[in-house]
Amino acid sequence: MDIATLLGLILGVVFVLFAIVMKGSPLLFLDPASAFLVLGGTGAAVCVSYPLRDVLGLVGVVKNAFFYKEESIHDTIALLVRFAERARREGILALEKQMEEVTDMFLKNGIQLAVDGTEPELLRDIMETELRHLEERHKKGKSIMETFGALAPAWGMIGTLVGLILMLASIEDPDALGLGMALALITTLYGSLMANLVFTPMAGKLGMKSKQEIQIRELMIMGILSIQSGDNPRIVEQKLNSFIAPKMRRMKEER
Amino acid sequence: MDIATLLGLILGVVFVLFAIVMKGSPLLFLDPASAFLVLGGTGAAVCVSYPLRDVLGLVGVVKNAFFYKEESIHDTIALLVRFAERARREGILALEKQMEEVTDMFLKNGIQLAVDGTEPELLRDIMETELRHLEERHKKGKSIMETFGALAPAWGMIGTLVGLILMLASIEDPDALGLGMALALITTLYGSLMANLVFTPMAGKLGMKSKQEIQIRELMIMGILSIQSGDNPRIVEQKLNSFIAPKMRRMKEER
Amino acid sequence: MDIATLLGLILGVVFVLFAIVMKGSPLLFLDPASAFLVLGGTGAAVCVSYPLRDVLGLVGVVKNAFFYKEESIHDTIALLVRFAERARREGILALEKQMEEVTDMFLKNGIQLAVDGTEPELLRDIMETELRHLEERHKKGKSIMETFGALAPAWGMIGTLVGLILMLASIEDPDALGLGMALALITTLYGSLMANLVFTPMAGKLGMKSKQEIQIRELMIMGILSIQSGDNPRIVEQKLNSFIAPKMRRMKEER
Amino acid sequence: MDIATLLGLILGVVFVLFAIVMKGSPLLFLDPASAFLVLGGTGAAVCVSYPLRDVLGLVGVVKNAFFYKEESIHDTIALLVRFAERARREGILALEKQMEEVTDMFLKNGIQLAVDGTEPELLRDIMETELRHLEERHKKGKSIMETFGALAPAWGMIGTLVGLILMLASIEDPDALGLGMALALITTLYGSLMANLVFTPMAGKLGMKSKQEIQIRELMIMGILSIQSGDNPRIVEQKLNSFIAPKMRRMKEER
Amino acid sequence: MDIATLLGLILGVVFVLFAIVMKGSPLLFLDPASAFLVLGGTGAAVCVSYPLRDVLGLVGVVKNAFFYKEESIHDTIALLVRFAERARREGILALEKQMEEVTDMFLKNGIQLAVDGTEPELLRDIMETELRHLEERHKKGKSIMETFGALAPAWGMIGTLVGLILMLASIEDPDALGLGMALALITTLYGSLMANLVFTPMAGKLGMKSKQEIQIRELMIMGILSIQSGDNPRIVEQKLNSFIAPKMRRMKEER
């Protein structure tokens, strides 16, 4: 679970509420119709921009920004080195008995393929294609999020323009002018908040997670191929260690 | 047919209309002269920017964002594997009898060339040139759409400036000031809506479709060349499968 | 002659004039001092940005956006194939007699070099250097145009700031305030129109033409080298055809 | 210590204060709630955008923009050349006695590895991985800083919108309107100042330092490898000198 | 001397002054405190962004945008060809006597190295390192200029915000409101002018000069290496001519 995403969202809303409460009533800022226009309009434009399936798939992607099992790169290396030792001693088929230790589906699949005697080239091809598709899916999720972030302020301004035009066209009552303009500006506020607190930062977070997840999967591919080729466990460890900073490496060895 | 494009456009307009109706009259927002200025000016500027032929060709391109036969990548692979089996058994000439099964013109052309005994290098060259030209055409269509999206808000602002200047130059009647400013802002609203609901999102959709269409055509080229070289149907299938995610692959095999 | 450039410019002005006439007097929008400031200031800044020679050379470049002999790629291929046939039959020296058929200076030069017996490497080097310099010149022209397009709105705003400051500093007469602000806004309108109707779109058109012109010249180089090396005319044609879409190719063959 | 960072920050604040004091009271510009909203909101959004660990690690990174021991590239070359001479005369093990001369941990580690007889390939791999991770860490720090710089003005505007809406909704007292608007604008001022004096320029400075630090470490790697392979000290010096401008080189030789 | 830089700067100021004088008094626009804030604040932020040494070195860089000896590429080629002839006839040592003909320090250094019998690889390495450092220095100068251009409008807006807040907080006297706002806008005007007349265009000019200077130095390196390897003067000329357009080449030959 990435506490920072939730924390950031809550803190952002709290800071804005705090600023509001200090000087006036937060009720003024609750305008469902405005929220409806900005969110709805932005979502509609995103539907024009991406296939429906991808837009609906965004929900699953967003989850990644909040929850994700932080796969320890150290644990993964330790596991692969253990597997390498066993495979060295008892042959690669022996790994089948240890499969329940593996929780990551990607790694499980890969080891199963190795145990099944898949050709190294084919194994690498299958795993890298899967990784490439994962990366594509991540990239698409991130870019939909960025599109949301780019369109939200524009739709906030569209709402404000609608409000301003309605207000200006009926200035019989100068007293209502202030309130009308205040309401008109609320959509711009909503659009800015959505873009600068939710969509754009979340696109950034998705990009970070994707990078992390892909790096660990690349390490898994290298590890499986190294085990399959019968490398000495020490060499497997050395190869995998090149993915992490030397400073971290030494810390691990001390343990 | 891509339902999301149409749905998004309709929803976007509905959301804006809803916001208008809740607070005033939609009639105020119907200003043909403003629409004429923004669309006309943007179109004129696009004509300065692109050859007339390409601008006129945009109509055909836009259709792609709404309608397109979703060519199933799985069906295409299945078809190519079937063809590979027949070619293996009865020789490549036997494919001529199965030509009516192929509906895609690009694939039909390619198989015809193979049946006609075209040299592999020439066949690849012809098909890749055609693909490159398709890609160029797609890119041009997308970039014209993006130009529309970049110019529409600018022309909306030009309209607002014209309106503001006219209004400010004749402030003898302060009562008319509000309405004048409201009318002036309508072009900015039009420009923003066009850019953020229609042009820019549609350019995004065109880009997505293009990527999909080109990927399936690359698969076709690989398939035809593999059949022509007399590859074993299993190998043809394996080669083509590298275009799709392993998860999808297995699903297919179960069928 | 590219009708779209002229048409776009005229239509753009007509649309703006139409919007003005519908609601007021176009005379209000004629302010030579404003035009002077925006154009002059933009031009001055472009002079700081580019060598004087390049800025003055822009006039010749702009012509390309309006007039240009649409060199038919099909005619060029046909001509080169004819030359290849003659060179095959009567030797490359025979081409000297057909030189008057060639109107394009670049092609003429290249054939002359081939006839003179220039080494293939040197010939390619000379022609590609010339092409590279042409491309550089085109790129510079386009980037000066883009600089004009980027600076014009900024100078429009500078003019508006000058006008606003002058107006605000002397608000003894509130009646003149409206007109003063109207005049101040005119420079912003001028700057926006110049950028969004003339400069930026024209930079786009220049880029399109450059791409076209360079593509046809690359085809010429390939053709001359192929003729010089004594290729079979059929092979010359096949090589050159790779520059055009297969669909176009077949159309030509039917003729 | 980089005096320019501190100097720039102080001067920037002094210039703004000076401009304020000349025309009014600086007390008006002290609004803790506004500062709280802009900084807090920006920070919250950065937390949504980056993992918490990286955001907290920014403090260490910021220090780099103020303090950093300017590692002299000349001293480093001189040291490495001295080490090369000793290693040539007395063998690489002799370097162990001179280790206390080395203050840079990266260089110390590298020499220790060489003395320990690490294989050249492994040594290079370990040091380059460490360098790559350093670069990654620098890049992340810079990009968090840039995110701060991009979000601060947006949150300044969010604060101004909140203030404007509150003010407009309660225009019973026209006298308070001016002060209300002044307060509303303060968040925009805060956001602009943070972005344009602190965050964006500091991101630039971090980038400069990173480049410098990485260049000197690349020189160290090359030097250690050259010493390890037993190169003649003159050749070591020549290799390392290619990192610095020839003009600087000659200056050194004169010394 | 590049007349266009000076001309552009003077013309830009003249155009603005002309627009001011036509409608009011230029004295209103002279506000030293505003100029102080915008320039000072921008400069302070640049100091946070770049090392002090580089910022101070900008003065020398700026000179390049005004004065620079237009090194004739034709003269350089002619000189190198003359040197090649002499070196061919009398040996490379004979060039020492002609050294006073060479005014360019870079070329002088290179020829001296060749005369001294430096190894070709080392000579190329030394000269290319020097060139790379020159390019780095040019790039840094340009990017500092661009930073000035990006920050000036931001600091102009900061000044305007300060002015607006001060004015709005003390609207007891509505008559002073106009003048206060006028003064507030002056910093925005200053910032826009600096960015759009001086900094950004000058960054462009610096980039152009750098490209030119580096191209001529690359030609020098190629020439020296060609002379050193004892190439025939005709071949030296041909090699160097590949740097200039064929059209220019022939013009030279006619002379």
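Order as written gives the chain letters A, B, C, D and E; numbering starts at 1 within each chain.
Heads up, the rule we're going with is that a contact is a pair of C-beta atoms (placed from the backbone, for glycine too) under 8 Å apart; a residue touches a chain by one contact, two chains touch by 3 or more.
Everything numeric here is computed off the predicted structure, so don't read it as measured data.
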{"item": "Turning angle required so that chain B lies on chain D, C-alpha fit (0 to 180°, nearest 5)", "value": "145"}
{"item": "Inter-centroid spacing, chain E versus chain C (mean Cα positions, whole Å)", "value": "27"}
{"item": "Whole-Å gap between the CA centroids of chain C and chain D", "value": "44"}
{"item": "For chain D, residues contacting two or more additional chains", "value": "none"}
{"item": "Contact graph of the chains (line, ring, star, complete, other)", "value": "ring"}
{"item": "Ring path (origin chain D; first step to chain E)", "value": "D, E, C, B, A"}
{"item": "Contact footprint of chain D on chain A as seen in their complex", "value": "2-5, 7-9, 11-12, 15-16, 18-20, 22-24, 28-29, 65, 175, 177-179, 181-182, 185-186, 188-189, 192-193, 195-198, 200-202, 204-205, 208, 238, 242, 244-247"}
{"item": "Chain B contact footprint on chain A (complex, rising order)", "value": "33-34, 36-37, 40-41, 43-52, 55, 109, 122, 125-127, 129-130, 133, 147, 151, 154-155, 157-159, 161-166, 168-171"}
